[in-house]
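Below, each structure is written out as structure tokens.
Below are two complexes that have chain A in common, paired first with chain B and then with chain C.
Right, the complex of A and B next:
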């Protein structure tokens, strides 16, 4: 009992008395631990954060009718409910009707405008998105052919699949540029299309879901099994490429982390060595007073462990702040806190400080105390 | 005498000198590697993003996208326009030729499959070796551009003339597998193709049959003509200037126009393609062009922040060590002061020593860092990281600043000590 109190007192007093030196060492350990926990947190969060950015490529899963015909709104709602709401960036159901404006053939697309906006963030709209049922968004090509811009009024007519004619007047709220086939479309809300062309099913539902490819595949299967009227397909061009780019990025951060980590570990180790090496006289004195080698090593190790633990804890906290700063600045989103990283950071810093203390202490205990004390 | 003391300190206390030099070298190599990778990451990620396929679509003036929608092809007046195949090479002669990674021409037609149903036929280049007007050769085609295709069987080789790749939807409808022979008819003529591969593109291409461009031109009687070109180019993210230019390049002032023309904006590259291919309209495919910009920006910013923060971290670490090693010399400095040295020569001496050691370490670290950057480049992207000349001065400044920051406070502390106390061993 007494021995242990003495041991603890020796460790703490050596940390407290040699305050400035110990602060230097503690700082070194804390910096190393900060970089470790910060970079590892970023590394693990990259797929989630960048995955969000990749959603700017638009839909990565589409729902199509299983057989012929169309998707009923009930089926679409049931399928959409299977997508976890926190992962759904945008879900846009589309209903297409062939229409004519000034006797020129075009396609009218009825959609949920809010969902379409989320699923296709790359659309470049001059003007604004429709807000009322009497407004429509027209593609650049439509605008060029019929010669109207935002604010213009046009009449469209068409024939439903059942053979009934319909007609409607719309105000152009904006012109959309995409560089793709959508430029020949007229977009309006589902309700607006339903008002003029009557009720009808959906042709396709575009979903932009923030999830890795394997999760998406599972999700597609679940949707197929849960709603028999709907088949879910992945948009391979988007999902495949996302996997390629993300894995490269993660590998990059991984390597950078490894290199930085190695260097900071060496930095910590050299600092610890320098701090211990200057205590050779103290070791010599202890030996001259009759302390066995094992006890001296244990004492220094105890100091190292305490220092490593403290520095690791400090570093884990600072590292989270570091990762959070990066995440907020780059992605504008907070980072996920990984509780497991705290003990891991502490363990690694304890191991590194312990090991780097051991080496110089070993060397110091090996020499003759008389020589050390003489100052050679 | 001064230099002899510096030399003596450097050579006699080899262990301690080595430790400082090693730490500075490590820090410098870290800085070099990170800066090198950071400056090059944009280019590298941009190339990776090319897996998303083309970002520019070149179509003949007056052609309409309506053909895609209704299947109206011939005679309806909307898609009877073609581009000359002979002009394709000049895409690689524009100002930003170096940024054009891949391109492929397409000739679309509706044909009859095996005497039965209608099918969309597309003639294209698969792995075309192209002699450029500049005398270089270039290998380009859909094989590089459609990297997401999942092919059962094989891709067409450059020598194949009567072979085809069939989209999975067409293959499923007609029960085709690799190795089958199909007959494709057009306006009364008919040609046999060997199916070399079936691909799953997860998109509208699954409804098409791809054949070599020459074969499609022969079948449809449109020798030397193509209906559209897809171009995959490395571009700079759009900003306010490029958006203004995309609306109307003529509205820019002369200076703005030059800036715009000489920057790899997607709109500038489109403009330059229109200059070299007569009668063509080049349109950015916004889905790809826009998103690439966003992702590129984020990646660069992420790397920048990681670099800055880890540099700050390692700078702290190094100056920490320098502080520790200068403090160790309290007895020596005490002795110097005891025999009558003034403060300023003493601090000059210690500073010169430390800086000399740091310079050696920094130089070694710089070259080691170049190596680190190459390792990262090769492992992650499979290509070398270009060494940038601006990295060297940055690293040099960093090393000097960090060493000074580490040694000056500790020297001041030592100078304030009383020699007698220090020598006594307190």
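Right, the complex of A and C next:
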């Protein structure tokens, strides 16, 4: 039999046949690894999760026409195609026309209603969103001034930039409250506005994109370069506060992770100290049989590393469950599994357990082999 | 005297102001069976520690197999203990998570290369071939002591050092262990037994009686 085979047989036997003692040590490592891997999973998933949360505050990128005029529908489609579909929460193109209702001036906004709904989830609508071309969503201010609510009918009129007059009759599907300038707008589909005011370009495209600020900046540059008629700008008020909150939250999780790592080390070191202390007689016996100190350290380290690996694997699995539970309860969304975290957690656990073992084992090799003759 | 395996030359061991051993001299020939007796505190354990390379004398010389080991480093003593001495303990001291066979192989592992077949033969020799795969907790006291003997013999030591080898055994197992000792002695092994039991000492060729750290008398059988 090779020496290495005997070595493995000894360390695995120690773990398997001393199950009750080793389960305590394994639990200490696994619990530490669970919290660590769980926190790291949350740490790396926070930008995605919080990005989703921030999207409820509205658009974070605005596309405007370059150098006056309007954005052509073709340019808008080309720019929208550059936004990765998995990151696009809502894309709402807007065409504005000055209108009058009962001789009161307002603004009509034609948009893709589904995109507007995605880009502005914070809008509160009494009634419902328009579903047909003859329906419109009016702002609270408009509703107050003209004294109309859901189900009411109104007629609007206006003059396009080309000087052509237009007129149309709409049914109010709902009244929207936003707390902003939108409450003085009348929203309808782009088709509905086109039907009464004729064809025209877009004034602005509001985009809600789930991505960190750096990716958003790159995306804005790509859109600008790929669509010369369009200028993409980030809504700094939104993106900057997102960055600030995220960095503070990540710093907090980072700090907690560091503290947990330290506590884990102390806990594992204490457990290993106890494990080593109760095996003083065994160490004395091995020394009496002629085992050099290095060999005894190698055996205990082997046990510790095996324990660290097993505890790390268990911790990586439980850590994902922990992070998933936190994510479901806090963000209401599942967490992404990161396979790389499994080997990383195992390696960290092995390193922590190895370091924790080193001190007690080195001290244990000071045991006098004569203790076995004294019957201690 | 070229046939001497062990020679103690006026060794003393002083702990603080207490002298555990005082000017003890002893010569053990190859193949000899010696018994060391004495009341508690007479210095038996100290002498065992020194002969077993687990301690060094304060003064005097210990010549084991032609080598003065009294000035050896701890590392040197470990190597000598591994290569030249087979230890048998009163409390057996088996590793509780290893089988009888693995306990014997551990001594091989620290010495050179584990050999399962040879370890099994050593267990068969002490009548434990059938119990080789059992854990110490599954063995009786007598069986555990026989595993301890098989472990002590596995590396062909120059000297077998036994500390109260029958101290924890019933009469039947004491008989079995003493038979193994007789057999080993018959094959030429050098044995030093520390014991309280006059029956165990009876088989020895010489009995050294220690009192207050000195050799009080020596009897030859």
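Some points to look at:
Note that the second predicted complex is superposed on the first by the 369 of 376 C-alpha atoms of A that agree within 3 Å, B and C clash if a C-alpha of one lies under 4 Å from a C-alpha of the other, contacts with A are read in each partner's own complex, and residues count from 1 in each chain.
Operating definition for what follows: a contact is a pair of C-beta atoms (placed from the backbone, for glycine too) under 8 Å apart; a residue touches a chain by one contact, two chains touch by 3 or more.
Predicted, not measured: the structure shown is a model, and the values here were computed from it.
In the superposition on chain A, A:241 contacts chain B only, with no contact to chain C. When the shared chain is aligned, chain C comes close enough to touch A:9, but chain B does not.
In the superposed pair of complexes, A:251 makes contact with chain B only, with no contact to chain C. In the superposed model, A:282 makes contact with chain C only, not with chain B.
Shared-chain residue A:167: touches no atom of chain B or chain C. Contacts of A:259 after superposition on the shared chain: chain B is touched, whereas chain C is not.
Within the superposed three-chain model, A:183 lies in touch with chain B and out of touch with chain C [touch as defined at top]. After superposition on the shared chain, chain A has more residues touched by B, the comparison being chain B against chain C.
By the touch criterion defined above, A:27 reaches chain B but does not reach chain C.
Applying the stated touch rule to the two superposed structures, the overlap between the chain B and chain C interfaces on chain A comprises residues 281. By the touch rule above, chain B contacts chain A in their complex via residues 19, 22-23, 26-27, 29-30, 33-34, 37, 41, 45, 48-49, 51-53, 57, 64-66, 68-70, 147-150, 200-203, 283-291, 294-295, 298-299, 301-303, 305-306, 309-310, 313-314, 316-318, 320-321, 323-325, 327-328, 372, 375-376, 379-381, 425. If you check the complex, the residues on chain C that touch chain A are 45, 48-49, 52, 54-55, 75, 78-79, 81-83, 87, 89-91, 93, 95-98, 102, 105-107, 109-111, 113-116, 135, 151, 163. Chain A contributes residues 21, 24-25, 27-28, 31-32, 34-35, 38-39, 42, 50, 53-54, 56-58, 105, 107, 120-124, 141, 177-181, 183-184, 233-241, 244-245, 248-249, 251-253, 255-256, 259-260, 263-264, 266-268, 270-271, 273-275, 278, 281, 322, 325-326, 329-331 to its touches with chain B in the complex.
For chain A in complex with chain C, the touching residues are 1-3, 5-7, 9-10, 13-14, 16-18, 281-282, 285-292, 295, 368-370, 372-375.
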